[in-house]
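Report on the structure given below.
Think of it as A, B, C and D in the order they're written, each chain with its own count starting at 1.
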Amino acid sequence: MKQEEGWEPKLLGFLCRWCSYAGADLAGISRKKYPANIKIIKVPCSGRVDPLFIIKALRLGFDGVLVSGCYPGDCHYQTGNYRAQRRIAITKKFLEYIGVEPQRIQASWVSASEGGKFTEVVSEVTKELKEVGPNQSFTDGR
Amino acid sequence: MLKNKKISKRAIGTLLNEWSQEFTIFVPLRERGVAVLSKWDGKDTSFTGWYRNTAQPAKANFFPPVEKMFSFQKDKEGYHIEPLSSDEHKQLIFGIRPCDARALTILDMTFKDLYEDPYYLPKRNNMVLIGLGCTNPYDSCFCTSLGINPGESTDVDLMLTDIGDQFLIEEITEVGKELIAKASQVEEATEADEAEAREVKKASYNKVTRKIDTEGIKEKLLSCFEDQDFWEKVSAKCISCGICTFLCPTCYCFDINDELVRKQGTRFRSWDSCAFPVYTKMPMENPRLEKWRRVRQKVCHKFEFYPMDFDIIACVGCGRCIRQCPVNWDITQTLNSLPTRV
Amino acid sequence: MEDREREQKLHHEAKTLLEQGQVDYIIGYETGSLKFTTTPLITKDEDDTDRLVVNPFIVNNLSVYLPEVRGKAGIVAKRCDSRSIVSLIQDNKIAREDIVIMGIPCPGLIDLKKVELLLGKDRDELDNITREGDKVMITVDGRERDFPTTEVLFDNCLGCEFPAPQEYDVLLGEPSLSITDKVASRARIKELEAVSQGKRWNFWREEFSRCIRCYACRNVCPACFCQRCFVEETEPLWLMPMPRWQDNLMFQLARNIHVAGRCTDCGECERVCPMNIPLRSLTRKMYELVDELFQYQAGMDKSAPPLLTAYEPTEAEDFIR
Amino acid sequence: MTVTDISQRERFLANGNVYLPHIVKIEKVVDETCDTRTFHFNFKDEKLRKEFTFQSGQFALCSIFGAGEAPFAISSSPTRRGHLECTVRQVGKLTNALHRLGIGAEIGFRGPYGNGFPMGFLQGKNLAFVAGGIGLSPLRSLIWNVLDNRDNYEKIDIIYGARSPADLCFKYDLDTWSKDKGINMVTTVDKGDESWTGRVGFVPQVLEQAASSPSNAVAIVCGPPIMMRLTFPVLEKLGFTPEQMITTLEKRMKCGIGKCGRCNIGNIYVCRDGPVFTYAQIKSFVSSEY
């Protein structure tokens, strides 16, 4: 796939307000550097993320989607992240079968105290997306 | 006095090629097992062997499932609307069935009513229709009940009848006459050809065995309009999908929607269906929320309301709604079982 | 047991249920208005029960009507339908005690599209179709031809493990051995799996450029029971309500994910598609994925929680960072 | 079905295409209630600004570019052509988008469509306006039209109700009308509050008490469907004939010109054959889905 010079992947993050969002906040406060490729939507729980959100993000031209929530057992609503886990697993595998690169659908557990982990996750995901290249799934020219 | 012409089936390719100088040609083709009207590839005339009718009616060529109405942009001075340049290229449909051709005549009435529709009518005026009589109607066909002969049509420019190795050609309009005058492969039809064509038409007419009684149908529907029990019973198995309306050659309902992507906007119109509850949904209420009301609307629109407005039944008996229905909901059964008021 | 005998037993059962007031409705099949078709019969009338039929063309998954029927219903169900019923019970859309299931041991249904393709003739041009064991006899132009059942059964029937319904109150006949062909059942999926990601995407893109968005696939699906589907939402607008391939594909992807763990591979979506889009190559794949990831099969256990509301803390999460 | 003469309107088509909107600019936004606003707007095109005319009761399709298009009654009077007004309640995607727009924003406008109130028929009559909630908006156009030609009409009654004092639209107009000695104005609310000194009660009940005389009178009714269904019988009881009752109906619409299909009541298309109907017409409809 032809890549434009200086192309940067666009990543959409759905971050749980109880943990990962706070983790991202912490990363900012502690002046940790992470790629500016991510746009963040705060969700009440990773369990709020309907796979439809992920598909819509790809439809809108985002190169990847990151869903980030609390560690297993730490969900503010007890089981939201477990549910998210099943949904994302299904979505990732299913979209892979349809022909979407699995790297475009990412998930992580990041707690409120893990500013460092958040920067790492975003960096790694961004790196992977750079390797995969631009998402042209829904454009007419793929 | 012999006026009709004929052409050998083997010469159809040549004929279409001659016409393709002037027209974009559409013929029935099979795409993944579905018969559709497709742009002719310049070669394939196999449809003369298998073609019965297309899954989608020809209306899609004039009133596509989705079409752009205009585009709009915003700049410093505000919004600008750009009408789309209409495609002036002439088109020709080869092999339209008499039912589908009549359906276009019926659609014209709506699209000409009050304000002329600036998308449908130009395409319609730019299209030449070459009719092809049915020799093998489906068991779902009931066109003869609606005054249509599957072998004949006056809603086309030329009408063809399959007489074995050849097609008999009747010139219906001046446009059709000119087309034939320019065609190289056309011969004069003989008396025997004419006789053969008459037989073919008669035979295909008799092959249509499904019937509805249209006598006084408007009045019958009027009298049972408020019979909720009847409509509930009739509609019970309907699953409210859009197949019967989308594939109906006389259904024309549409939706209008905007899409705005990075300050570039487009307004689209697309097919809509009275089978969907959202079709009539208003913020506070929905006049046709219940399924029986929607089924009643579909039946009555065709057999009661359209005749009230335009003096013609908006059904041509093509049978697609029966053939393609997921649950075999059969409009002819409904119409034949209308309760008569005692 | 012969279809005829089964029908007689069914007539009796259905009539008794209505007479004794055990159910308000009977949902079954009656002879359709076209050759080799059946059509759903939903009735309160005892006399109508004589019209109920059982034959190799009872294609509809009748469980789709259950959530909308008011009152108790007696329903005729094949295995796949019975699993949809179980799935609806799991989702609390219907209550087990409101339903009487008249189970049909189903040795597979005849796919008329396959028959048409085999013979190069349309359904209405055929004279007769009968089935005997592992053979199907089709008469065309006065000539009878034999085909192995596996050539004319629906793909999903070929993948059906077991003929008896999962859940029933009355079983009409003895389950005979299923004739299956697992390889043929998922042949098209295998073909897709073998090509590159890009080719797969292009395949679906092509297929969905034909979609007219009639929503028959959704409306015929018992797993698609949402009161208001996301495609009808306007705030936010998830996708344009018009048939463009992007929106069509998005609709079908999201629909498939939404019915994951509810889809019983009944194959109705593919059967009803007027544009012949191979939808089962999506639904069956999802079915397999769910099984592979969570060892879960839809509609097997009415007391189990629905797939997407449950979890096992030990589940593999190797893809999560 | 009424055959409408549209020859007067064809000159208002943009590029001769009935589906293309003209661009209009919002000049003023008036808050009517917590969820209802009146938008004052005018054409960008100088010529249209001068020439555009319509009849009271007609409607237009307003485009919020990117959100879509919806029909709204024109709530200003054709006798006051400084600008146009539409009053819009926030109920869905499009109206939400419109409510986000302010002065200077541009929207699309095509129309006028439908049939207006039968001005000739109304002349020389006693007029009773009965409105509920935002249903006053099409009537307001007619009321100002009538007031601007006051000599042509006899007695004028206005009975207007809303759910609560805060839900009354056009309070500035209500003030003016209630001070007008030539108008018998009754305002009512379903439920009052501490400061409310006017009537409390549903419109049909208040109408019954107010008891306008049916002789040489016409009642013009518009409001939510439930109010309308209850008002017609009251008017009949008061002695109004169905021919003496006029109303304007609302349906979901997309095209505005009788083609897209959804606004039908039997064979009647509200956009093409209405939206103004007499109750006699409504009673003659095939369907009661009005």
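FYI, a contact is a pair of C-beta atoms (placed from the backbone, for glycine too) under 8 Å apart; a residue touches a chain by one contact, two chains touch by 3 or more.
What you see is a predicted model; the values in this text were computed from it and never measured.
Remark: among chain pairs C-D and A-C, A-C carries the greater number of C-beta contacts.
The geometric centre of subunit C is 50 Å away from that of subunit D, both derived from CA atoms. Once the centre of each chain is set as its mean CA position, subunit A and subunit C turn out to be 35 Å apart. Subunit A and subunit B have Cα centroids separated by 48 Å. Residue positions of subunit A with contacts to 2 or more other chains are absent. Within subunit B, the positions touching two or more other chains are listed as 255, 257, 259. Residue positions 92 of subunit D each touch two or more of the other chains.
Taken pair by pair, the chains that touch are A-C, B-C, B-D, C-D. Interface residues of subunit C, counted against subunit A in their complex, comprise 192-193, 197-205, 230, 238-239, 246, 249-250, 253-254, 256-258, 260, 282, 285-286, 289-290, 293-294, 307-311, 313, 315-317, 319-321.
Partner subunit B is touched in their complex by these residues of subunit C: 32-35, 37-42, 60, 64-65, 113, 117, 120, 122, 124-125, 207, 210, 212-216, 218-220, 232, 240-244, 268, 271-272, 274-276.
Those residues of subunit C lying in contact with subunit D across their complex are 234-235, 237. Within the complex formed with subunit D, the subunit B residues making contact are 69-70, 72, 74, 78-79, 81, 83, 110-111, 113-119, 222, 225-226, 252-260, 265, 267, 269, 272, 274, 279-285, 287-288, 293, 297, 300-301, 304-306, 308-309. Interface residues of subunit D, counted against subunit B in their complex, comprise 1, 4, 6, 14-21, 23, 25, 44, 63, 65-69, 91-92, 106, 108, 224-225, 250-252, 254-255, 257-262, 264-267, 272, 286-290.
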